[in-house]
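Following are the structures in question.
Next come two complexes built around chain A: one with chain B, the other with chain C.
For the complex of A and B:
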């Protein structure tokens, strides 16, 4: 078993073996996090840059914590307080930061493909922390870790993603990753929020939320991105709740013991009711805990790769 | 790589482990507060056998811990591949315990240095002692084993390979020439 990926840009082109190593490593790190001293010296002397061109609280916090738990040095960059405002291009920003001798870059950017571009510009290993509506691999990995932890295996499960499929990078990464791991993936949401030809990704489209609940082992409920609702993609939040909101009444109809997931932040009373979000089926906070472990695994596995190259170049 | 000579067979390994067990029990006047921690990937198996041996002698079950030192290695930057992470499984509180650390081969001492750091991160034991099946010399750190199965002088180009039934299908210790 050897980890082959050099960057973590998305789950579309990553092998089942690499996903398995990532998840296995994450479970080991989860144990480290449960210790009285939840910190290991592994990445001592390594520098990680968190490049956040788009606002983020939990992903950024989770990455920072993962880096600190591994004893890496971290530098934070946010677009709102940097030279981006002075008109610097992405490439120049990256090259400048690279000149300061860094080992890993974690980047969130509003443009799909930004992290791929970054990985082609620099030598450091790149972790995509979300690029536009493209991918968000660590979120999907932590979802998969949570499913594996709760249900034992991902293979053969019916996992249904609900809500704003069109704008969701979390959804795309989940579809790729879950299919690689042998799960059946379904989606459900209002027509205007489903991308055209989504069936071509190999997913089942469920017309109503009741149909979805009748067949699901796991419901992954996406956030209704309120900031995108000015375009009138559905009539009102109230109507959305009536048709697609996950209420206690709806999940009691489920024939299987449902696992309720949500990447957060949740809009209580819109896509999910408080009773469900805080109820027995919900693993939403477990997802957050697992997020730190998954990110530690990604940092750990990719920093070794970078080391190889440095050694090769210097010898 | 060729096997140069067979240094220990199944019987001598078993006798040596019994002797080590007796030495440990003698030194500590029994099993009070004693815990055994094996370093993966073979020290943990030897640790299990020593625990079994203590059970036969004292009719007492000593707690077993397994330590993975990957995260504490000092050659992380130099290694050719990212080592696969295994779990550290120490399910008891190590505070004020007498820890006997078990490994198969003692060589540079760097593994033991890493293991000591890993243990200290888990708590403050009363003491830590080291038992190894083979000591082959060439220490790079001021580390010494308290209980040694066999002292085998080697040259730096040679290697010692310990094979154990549970992983390798047989019990033996080999000197290997590159």
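For the complex of A and C:
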């Protein structure tokens, strides 16, 4: 088992073998996290920079925690307190930081393709923590880990993503990763929030949420942002809830035992009702827990560590 | 002024044994050409004359080529290009004339702006024909003094970079330009539909998560412009056509007699939105690279004469404006030094169009559209010539460009055929 990727920029061009290694390694780290002292010295002496050009709470927190659990030295950089406000380019910013000798960069940025660009500018390994509406690979990996944990295998499942498909990096990474792992992927949402030619990505478009629920094994519900309403893409949160909100009534119609997922933060009473978010089908908090393990796995593998070693150690 | 000149003056010049192709006068023969006092003195099978002689055996001599859509960036953005470096790029690319767009800083919207460009390019080998703005500051509100600008040398009017936003203003500008014997050129884009789009809307924008810019944004404006041209019975020229929809709309309009002409650019004939997958900012321009289907339709449009002209839309940008995140990068690529080679390689050599078609698209039609004299290769006419070597194999190397900028998507492309020299205004540029 050899991990081939040099960076984790997205799941579009990553092999099934590498995804399997990442997920296996993540399960091993999950066991580490359940120990009384949930910390290993694996990345001691390595320096990780968290470059966040966009506000993020949970992803940044999750990465920081993963880095600390691996004993890496971490530096945080956020756009609001940085030279970006003084007009410095991304290339200059990162080259300056790289000159201070770093090993790994975790970046969140509003521009699609920014992490690819970053990987072309520097020698350190890059983990994409979200680049615009393009990809968010660690989120999709933690979603896949949670599905595997709950349902055993991803292959053959029908996983339906609901909501603002057009602007969602989570959605794209999920489609790429889940399809590589043999799942069927569907999408459902208001017309203006479905990107053109989405069906050419090999996904099924479900016209109504009822149609989606009738066939789904997993519902991955995306956050709906109020600013899309101002952009004229849908009329109101009220109507959004009426047409697309996941309510208790709706999921009781499901023929299969549904798994309910959400990348957070959730808008209770809009895209998902509290009874569902906190109900028996929901694995939303498990996703958050698994997020730390997945990020530990990505950091570990990209610093050139052997997957077998940690898998053996933890078992 | 022109202290880095790469062209040379001459009094008399003999071009020996060139294959002359000049479709307008239906000339297709191998002959010698003697040039004296900027004019073609004699064309004959064999001329003996004591003067500088250039062996043109196996070379093609055609009427000087013209690029009717260039951005020279002067005044105001001389760090991207100047009139001097832009015309040097034109010479190296095989052009003896260019028309330059007015979206400089300040915008070219008065007689003195036109005079500035004429003065900066005075006595150059390349004829620089300024295009003035349709509206003051290209802001889309008030018409410019077109009459005064035509008098100073403006050959057309455009708010290029953006469309003439209001239909009422476009209508007025057409009705006003009608009696000035000049042409309105429109950049067709519905800015509302474009939104913050940075690449063509379709499968690839969906894959990449880049903000989409639909073909609808172009098609709707082309339709609007054509309806206004039809209603006012005034000619209009559609810049940089990139979509299947536009080609269809223009074809329908031409067939019912609407006085519309159109141009496209080499990148729409050779690249598609699939090429954007690498997030290469040298594949970002407006209109954006479209789908394979659009590309095929535009090529068909050229073949059938729906699209009249191939123009470069040479849009120089500094590397600082391109070596950044894709969505933040400037729109536009340079083209003056690659157009001729690309079209010869992929269309003439492959017999998609004939060399005569090529001359029509790149010498005759641009001048007809802008009401400039057609270049003929006949005795007593001005010597305005491009010398082509159709067999020359070369590799595009952006580091050798005469342009100040390097933003080309064609770097390292292997081409066959190029211009090896141009002659105009008693000056010659010959490739070293």
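Keep this in mind: the second predicted complex is superposed on the first by the 302 of 315 C-alpha atoms of A that agree within 3 Å, B and C clash if a C-alpha of one lies under 4 Å from a C-alpha of the other, contacts with A are read in each partner's own complex, and residues count from 1 in each chain.
In this section, contacts are C-beta pairs under 8 Å (C-beta built on N, C-alpha and C of every residue); 3 or more make two chains touch, one makes a residue touch a chain.
From a predicted model like this one, the values you see are computed outputs, not experimental measurements.
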Comparing the two partners chain B and chain C, which touches a greater set of residues in chain A: B
Touching partner for A:45 - first (chain B), second (chain C), both, neither: first
Contacts of A:28 with chain B and chain C, given as first, second, both or neither: first
Partner chain in contact with A:109 - chain B first, chain C second, else both or neither: second
Chain B versus chain C as contact partner of A:58, first or second or both or neither: neither
Chain B versus chain C as contact partner of A:301, first or second or both or neither: first
Touched partner set for A:256, first chain B, second chain C, both or neither: neither
Contacts of A:1 with chain B and chain C, given as first, second, both or neither: first
Touched partner set for A:37, first chain B, second chain C, both or neither: first
Shared contact residues on chain A - chain B and chain C: none
Chain C-facing residues of chain A, complex: 12, 89-91, 109, 111-114, 116-117, 131-135, 169, 172, 195-198, 200-201
Residue ranges of chain C touching chain A (in the complex, touch as defined): 201-203, 205-212, 214, 278-279, 320, 323-328
Chain A - residues contacting chain B, complex: 1-3, 21, 24-25, 27-29, 31-32, 35-37, 39-43, 45, 297, 300-301, 303-305, 307-308, 310-311
Contact footprint of chain A on chain B as seen in their complex: 68, 70-73, 76-88, 117, 121-123
